[in-house]
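What follows is a pair of complexes built around subunit A, which joins subunit B in one and subunit C in the other.
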Partner chain A sequence: MRYADFTPYDIVLLLQGLGVTLALFVGTTLIGLAIGLALAVAHHYRVPGCRPVIVLVTEALKNSPVLVQLFLVFFGIPAFLHIRMSPVEAATLTISLNTAAFAFVVFRSGIESIDRDQIEAAQVFGLSRSQILRLIIAPQAAAFSVGPLVGILVNQLQVTSLISVIGVFDLTKIGNILNLRTLQPFIVWAVIGLIYYLAAKTLAHAGGRIEAALRKSVKWGGI
Partner chain B sequence: MIVAENVEKRFGDALVLKRVNLRVEPGEVVTILGASGSGKSTLIRCINGLEALSGGKITVDGHDVSTKAGLVAARRASATVFQLFNLYPHMTALGNITLAPIEVLKLPKAEAEARARALLDKVGLGAHAGAYPQQLSGGQRQRVGICRALAMQPRYLLLDEVTSALDPEMTGDVLRILAELADDGTTMVFVTHEIEFARHISSRIVFLEQGELIVDLPTAQFFAEDGGLAVPRIRQFLSKMKKD
Partner chain C sequence: MRFWRVIEPHIGFLLQGFALTIVACLLAIVGAVLLGALTASMRSSGNRWVRGTANAYGDVFRNVPFLVQLFFFFYGLPELGIYIGAFETGVIAMSIAGGAFVSDVILSGILTVDTGVIDAAKVSGLSRIKIFTRIVLPIALRVSVRPMGSILINLVLTSSILSTITVNELTGAAKIVAATTFKPFEVYAVLLVLYASLTTLLSFAISAIHRRLNRFMMGG
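And now, the complex of A and B:
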């Protein structure tokens, strides 16, 4: 076959794919964490009518395959609402919401791990809700949440590989292209797997450092 | 002045405070006695607004704690020391004490810290300003709790069984500080089982029985044969406390 061999340009292709994967991962992580945090705060403060909706939606997102969610968003919603949605938009929406559902659980647990006694003490000394959230709950909940969140995000990094099936040119899609061109699946998928592995290990290492820093700044041994 | 008028508190079907009336004048030390479950702590929690009233009214310096604005003003006038300290574990002793003065009273940080250090010195914890609650003993934590309350310069100090979680030696340390505060004229509402201490520092003693305030007498009269001791339930309670 004319294009069967690997070429130096394949490295550029792989880097492009990695760039798309990382960009989508970072973007969906930021959006997902923000939504997850907002849901946890709304849940904690019992915003009227929110609790059942939040629980229902997050349960649905956590307990159904991400690939099915992706198909629903990419094929189902545009057909139902008669709108157009690009693969990147569908991927961003799906993975952001999926991340938000898992982040919500971690943030909610972090918030609920704070003793009611501390919050009552802050209340009787006149601190407002936002001051209590910012100064009492957030620092302790953050230290509690970082470990589980890193685990979730490492998993979400792997989940991004699913977006290749709707045509996003991420790392997995590039792997598929190289595989079809070179017909050397062992080498291609070993290299792709190694890149995902290195990215995941880097993420876990960074998360571990953040966690250590947070726990260092909150020296108590309670959590 | 703290005024409770016909205060009722209900948890589900249980009525834990039954038309309680209480007045605490500035400069008084009022001790609330009663068996466990008699409603003592609930009354304190109603005064500081942690429990909503089911009936009646509580005012602190005329501010109705049932209203939002009134509660804010009432909480500025009073400060609470809790049985289990309720310190913020992620903050040092200094951080615990300065948080509310900085965030609520809007004191400059340097001024709040100077005030906090002076209080820590006063309770013998000057060297522990940078310690986290986990690094302190129970008695030390409670002294930090007292400093945290005093840093707000409250007109009224509400103390909810502040020595119950402490061993006798630590209890002595804390009671000594409270006695000094009483001598300084600090107004206190004090829930305790330390009968002898209450007798020593209180100007008045009230007795709650199953949510009802059955006796409100000056201390000397409370312990007199023809005063509080003439009430069989109080005599029984005091003799049981002495045995314990």
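And now, the complex of A and C:
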């Protein structure tokens, strides 16, 4: 019996890999967006001592390879602090922080894009700080940020392929396994690439629809 | 300092890796610009099929992870009977992936040139080649410096992925040092700072070039 052929079970394997990739992508995106938003708000309100630290850390995360960040977290931190860390934990931590760094920049410019006059007008009307944040800043910043965020998320989906290097069984790792077993790199990597491509396209399409919905109020809709 | 104590005996080896990273990035940016220029001219073509092919290339290579592209070439090329080293494969993969992004930049650079300027040049009797090299290109290059720079920075970051196909560039060299010293935290922390400072320096240089090329556009 030969084990080198493709079997129907390989489809299950691929779906499993896709599941891991998507679950990790969704999880890190939610965590990353939450952290990025918190950083942007802290930056906006000038929390004492926060600004230089936030800018330094996010710049370092944006300007270094994700692979090195993964190695630092997966190999470096356990050796330094003498703790155990599973590949999935290391991947989640790294990609979340990476997404947060990129999201922070988008949210910050989203907040900065809002006219100062609007905030002053709201203050004159007696709105509290949290009301201004919720009712004036948030809706406009959201509409402004969705476009760039979708671009970042499409990129982050591709970045998740790197976690296969530290041993997470994601789609790329499954591709590695199939490639080594069947020795048919063209078919294997073309299929893996196609799955990533379709996922990225779906994400971009969904993002476009959300952006259109959020910008509806900006457009002139008639009286 | 503990970081320096760990790194110091291996500094020569790491510098070799660094040199390899630089060479890979320089070769890849040249390849990417050539491929990007070709693709951009194809994308501005009148022929539907030529345009479609170029668009499909850009679309595919921007939406598939670089790691998957790299494995496709690394494992796939020997199947075709093309036996080249891992470094060459890496440079080719980086050029192809980079070309997809560069074509965008070049195309939008060419499109920013006002048609009135080109008409004026035609009326003045300049040849098509003169118009392209003396009028279109200088204007297009000026606006392209910044986006092209961010592609170069991305290539530097992407080059770390070559370590997964056994190329001992900076990250690959650091992996070996981390394994021999048993001090992964120190090694990778230094590596992260190195990459971050390299790309930050690059972005400063790009800003300077951008300002220099656009000095006529500013007042005063």
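Simple rule for what comes next: the second predicted complex is superposed on the first by the 217 of 223 C-alpha atoms of A that agree within 3 Å, B and C clash if a C-alpha of one lies under 4 Å from a C-alpha of the other, contacts with A are read in each partner's own complex, and residues count from 1 in each chain.
Throughout what follows, a residue touches a chain if its C-beta (ideal position, glycine included) is under 8 Å from a C-beta of that chain, and two chains touch if they have at least 3 such contacts.
Since the structure is predicted, the reported quantities are computational estimates derived from the model, not experimental observations.
> Are subunit B and subunit C a fit on subunit A, or do they clash, once the structures share the same frame?
Once subunit A is superposed (C-alpha atoms), there is room for both subunit B and subunit C without a clash.
> Examine A:P139 and indicate which partner it touches, taking first as subunit B and second as subunit C; both and neither are also allowed.
The first partner, subunit B, only.
> Give one of first, second, both or neither to describe whether A:L18 is in contact with subunit B, with subunit C, with both, or with none.
neither
> For A:E120, select first, second, both or neither according to whether it touches subunit B, subunit C, the two together, or no partner.
After superposition on chain A, A:E120 lies in contact with subunit B alone.
> Looking at the overlay, what does A:V154 touch: subunit B (first), subunit C (second), both, or neither?
In the superposition, A:V154 contacts subunit C only.
> Between subunit B (first) and subunit C (second), which does A:P65 come into contact with in this model arrangement: first, second, both, or neither?
second
> Between the C-alpha centres of subunit B and subunit C, what angle is subtended at subunit A's, in steps of 10°?
100
> Looking at A:I95 after the superposition, I want to know if it touches subunit B, subunit C, both of them or none. Which is it: first, second, both, neither?
The answer is neither, since A:I95 touches no partner chain.
> Per the overlay, which chain contacts more subunit A residues, subunit B or subunit C?
Counted on subunit A, the partner with more touching residues turns out to be C.
> After the superposition on A, what does A:F186 contact: first (subunit B), second (subunit C), both or neither?
A:F186 sits against subunit C, while subunit B stays out of touch.
> What is the contact status of A:Q131 with respect to subunit B (first) and subunit C (second): first, second, both, or neither?
After superposition on chain A, A:Q131 lies in contact with subunit B alone.
> On the combined arrangement from the superposition, state the nearest Cα-Cα distance between subunit B and subunit C in Å.
Between subunit B and subunit C, the minimum C-alpha distance equals 26 Å.
> Where on subunit A do subunit B and subunit C both make contact?
Shared contact residues on subunit A (touching subunit B in one complex, subunit C in the other): none at all.
> What residues of subunit C sit close enough to touch subunit A in their complex?
On the subunit C side, the touching residues are 60, 63-69, 71-72, 75-76, 79, 153, 157-161, 163-164, 171, 174-175, 178, 182-189, 191-193, 195-196, 199-200, 203.
> State the interface residues of subunit B toward subunit A in the complex, per the touch definition above.
48-50, 72, 75-76, 78-80, 82, 84, 86-90, 99-100, 103-104, 132-135, 148, 152
> Residues of subunit A touching subunit B in their complex?
Within the complex, subunit A touches subunit B at residues 115, 117-118, 120-127, 131, 135-136, 139-140, 143, 218-222.
> Give the list of subunit A residues in touch with subunit C in this complex.
59-60, 63-69, 71-72, 75-77, 79-80, 154, 158-162, 164-165, 172, 175-176, 179, 185-186, 189-190, 192-193, 196-197, 200-201
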